[in-house]
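What follows is a short report on a single structure.
To keep things simple, chains are lettered A, B, C and D as they appear, and every chain counts its residues starting from 1.
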Amino acid sequence: MIKLTDQILTETIRKRPLDSYKGTYGKVVLIGGNHNFGGAIIMASLATVYSGAGLTTTITDASNQTSLHSWLPEAMFADINDLEQLTQLVLSVDVIVIGPGLGTDAKALTVLQLVLKLVTLKQTLVIDGSAITLIANHRLIIPQTKYTVLTPHQMEWQRISGIAIKDQHPDQNWLVAHQLGATVVLKSHQTEIYTDTKIYQNTAGTPAQATGGMGDTLAGMVGGFCAQFANQDNAVLAAVFSHSAIANQLAQCQYVILPHQISQQIPQFMAKYAN
Amino acid sequence: MIKLTDQILTETIRKRPLDSYKGTYGKVVLIGGNHNFGGAIIMASLATVYSGAGLTTTITDASNQTSLHSWLPEAMFADINDLEQLTQLVLSVDVIVIGPGLGTDAKALTVLQLVLKLVTLKQTLVIDGSAITLIANHRLIIPQTKYTVLTPHQMEWQRISGIAIKDQHPDQNWLVAHQLGATVVLKSHQTEIYTDTKIYQNTAGTPAQATGGMGDTLAGMVGGFCAQFANQDNAVLAAVFSHSAIANQLAQCQYVILPHQISQQIPQFMAKYAN
Amino acid sequence: MIKLTDQILTETIRKRPLDSYKGTYGKVVLIGGNHNFGGAIIMASLATVYSGAGLTTTITDASNQTSLHSWLPEAMFADINDLEQLTQLVLSVDVIVIGPGLGTDAKALTVLQLVLKLVTLKQTLVIDGSAITLIANHRLIIPQTKYTVLTPHQMEWQRISGIAIKDQHPDQNWLVAHQLGATVVLKSHQTEIYTDTKIYQNTAGTPAQATGGMGDTLAGMVGGFCAQFANQDNAVLAAVFSHSAIANQLAQCQYVILPHQISQQIPQFMAKYAN
Amino acid sequence: MIKLTDQILTETIRKRPLDSYKGTYGKVVLIGGNHNFGGAIIMASLATVYSGAGLTTTITDASNQTSLHSWLPEAMFADINDLEQLTQLVLSVDVIVIGPGLGTDAKALTVLQLVLKLVTLKQTLVIDGSAITLIANHRLIIPQTKYTVLTPHQMEWQRISGIAIKDQHPDQNWLVAHQLGATVVLKSHQTEIYTDTKIYQNTAGTPAQATGGMGDTLAGMVGGFCAQFANQDNAVLAAVFSHSAIANQLAQCQYVILPHQISQQIPQFMAKYAN
């Protein structure tokens, strides 16, 4: 297992070329946030925008429009019940993040199935939270994409992989990740990342992160990094490491870290590693 | 009467174990915030989340969904009129905080009665504000729980204890607290805490705290501390002392302290005492 | 004309007694903010709460509930269309601020007439913005109160006093103020204050304040100071001077000052003068 | 091509006269923000108010009222569907900014056509984003005004000028700008400004600005500067340069800059150049 260090940041985060524009840094849609879990998609969207994605649209329940914009006028809004608009948006982007606060009801399932049908070989797909549970429960097929990332915590990984938490050993995990055709970010206090060919372990992180919404923030960061950096494996690894390294910094003077505080630190953190 | 000092903080606030996750730090629901008093449940929820509770859900009037998330995407939302969802949520948590901004109308009474019926011997119950008044006015029975906290100000204590404000002496107060089977946080400029066996007096605090919402913030902190720290007496004492000690710090350069400012300082404050 | 200096602050802003609670610092209602001008009543409410009023309720159009609480969970909300609730609230407070963003339509007139009828000899009444215009246009009688303050700019003063802007000289102004039975804060780049017996001129202030919402903020500060400090003349004078003195501080490094920035500085500013 | 430097700031940003009031600094309406793109008009409005405009009203979809006021109580709100109110507001102001987040549907077209009909020879008109696309697609005539500014990015300039991006050379661009009777701010990583008689090139700016919403912020700044400074050419040039120069400052420690962060720095930035 390869230990992740900040070397992944210097390898991944590139000084931006002068002759670039917002299109250079990718288009992202985030899909999630039902009537109860609107905060999840807000936190994920904050992470995507503060990571530097070029253009971000958040597709969520209409009741979350105003709170999204109260945090983030930078994100465009679309109503998750308007499937025609959702279809057009999904087809137009580089990266799709689905799952934060999506819920697991029939409506969520419909949206997820539609997105899995729409996604193309030119797109990166990040599957998080309830979307993982829905895939597991309804035995949905993860489609061929340019690149797919799953970000389960251990219970979600049990559901989708069939491996009980106590049996989640690296070899076994990698095998299933490989079968799923996806990079797997298996979240725990020592998050492991299973790419097509390697296994990595995160060395940063702090128990001050152990609070609701941290995973949503990570999913959004993965989306934002994948939108900007060509090497998708490195983008995922750099997002995971940055997320924890920022937390480590904040934990020097905070007992608990709120997820939105991590997002607000991303631009300053990345600046230190851009070469 | 035992004088509370910051010793209670070093005894209570523990360095978080590395191998922990959000479930380790407890699930909390906060119930309150009608159409008029939405700010109260927002302030209480801020306090719970910034105290470090693992997972927080706020059950409130639908008109407060957006302002809740504008402050706190970290909290999940549930509509207080959906009693079925409320039932499921209440049954699933470690700590229930009821009262901030709940109001005293028929709907509030229905919700309170339901919660008092649902709460189990495995749960901590924090009863604040209008919930105390409702219990007093309707002579509701406080149920058996793992641990119950009442956080009345002096007038609310008069209502529920039957002791007029001028007669609220420690011995008398302790007797009624004991009969109620609850720890009582009797709020005044020198807050007293009546536990099962002892009486404590808060030594921190400042008149700069004398503004609406301070009690809501305290109730949320009590909930957040009880969710994390096994010794429930100590959790309550540490929450009360922290609330005032943070205020003392802020009062060095503020004439008045807004309740939400206290919550925002909790993570930094707790970090100084974690051992 | 007496020049106002920061001496008024040391005379007015008192060190808070230890044995005090939120009731000690007054109850305030602010009434205003229609569908278009919701920001005005938010700015006024921010000023009242950050000034240190004990308990603040904002009565405004229902469409402003969420944005009010997004800024200020500390303020309670009431719907301006619920005249019964408005009546109860108005009768229960020490200070009433009416006008910021109220508008001048029939509904606004109804509300203003009701408030003018309800106000008692035990209450302070602050009349600002559109409420002044409505009084002028409909020749409403300003009722007897404990203390009444009008905060017109020069055009509003022309409307209510009948004195054209070019003729607004101190003697003439004082005479009309006296007839109206009110303290008049005549806002300009050198604001004048006409009390029952004296005329003051503000010496602080900066053109960086010349932006929409400054007057709403001042009205809220007057309300907050009158709620706390027994000498109502001094409370008004101290509010006017503080408002400008904070602006002067901010103008040292800002070309323009946003009204909400003034409110956020009030607690720190007042702390320097509390004796 | 004249290189823009901070000399334009010292020439343009004037120390405010003591004897001034909000009317001195201009009235602005911003029109845009449909159900999906509400963030765009919020960002533009932030830029206008933080630039120092005297009085700002935002005409937008009703679903954006609350998020606008959550950022900016200083801006008044009007519903874009109320064309009568829109008409009155447009007729009453010095500067009209139309386009940010307006969209290109039939409703947007109706509003744009109405505004183009209403605008007078005493008003400055700033045309941005979807308004440019609508003018191009529907061959609308840009009316005679006191001063008109177009702020297209290269693709929008292609649509309205008929010049393909690869052929957008200064001489050709200037000719079309001249025919349109407008100052053109052609946005790219080296933004060019075509005034009636000269061509300027921005020398500030950073790829950290390459994120959605930057153009909305610039449009709002152009509106805010035109409202305050008599020389309209200089106002546009100073707005463009300030926007990028603030970004340069922030980019010293941020990998990406969020548009709203630029607005929040405007008052401090302008203060350094006011003479």
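Definition applied: a contact is a pair of C-beta atoms (placed from the backbone, for glycine too) under 8 Å apart; a residue touches a chain by one contact, two chains touch by 3 or more.
If you're wondering where the values come from, they're calculated on a predicted model, not measured in any experiment.
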item	value
Chain of greatest Cα-centre distance to chain C	A
Superposition of chain B upon chain C: rotation angle, C-alpha, nearest 5 degrees	90
Type of chain C:chain D copy interface by residue overlap (half), same or different	different
Centroid spacing, where centroids are CA-atom means, of chain C and chain D in whole angstrom	34
Approximate Å spacing (C-alpha centroids) for the pair chain B, chain D	48
Residue numbers of chain A (touch at least two other chains)	66-67, 70
List of chain C residues in touch with chain D within their complex	35-40, 42-43, 46, 63-64, 66-67, 70-71, 153, 188-189, 206-208, 210-214, 251-260
Partner chain D, residues of chain A touching it in the complex	13, 16-22, 24-25, 49-56, 65-70, 72-79, 85, 266-271, 274
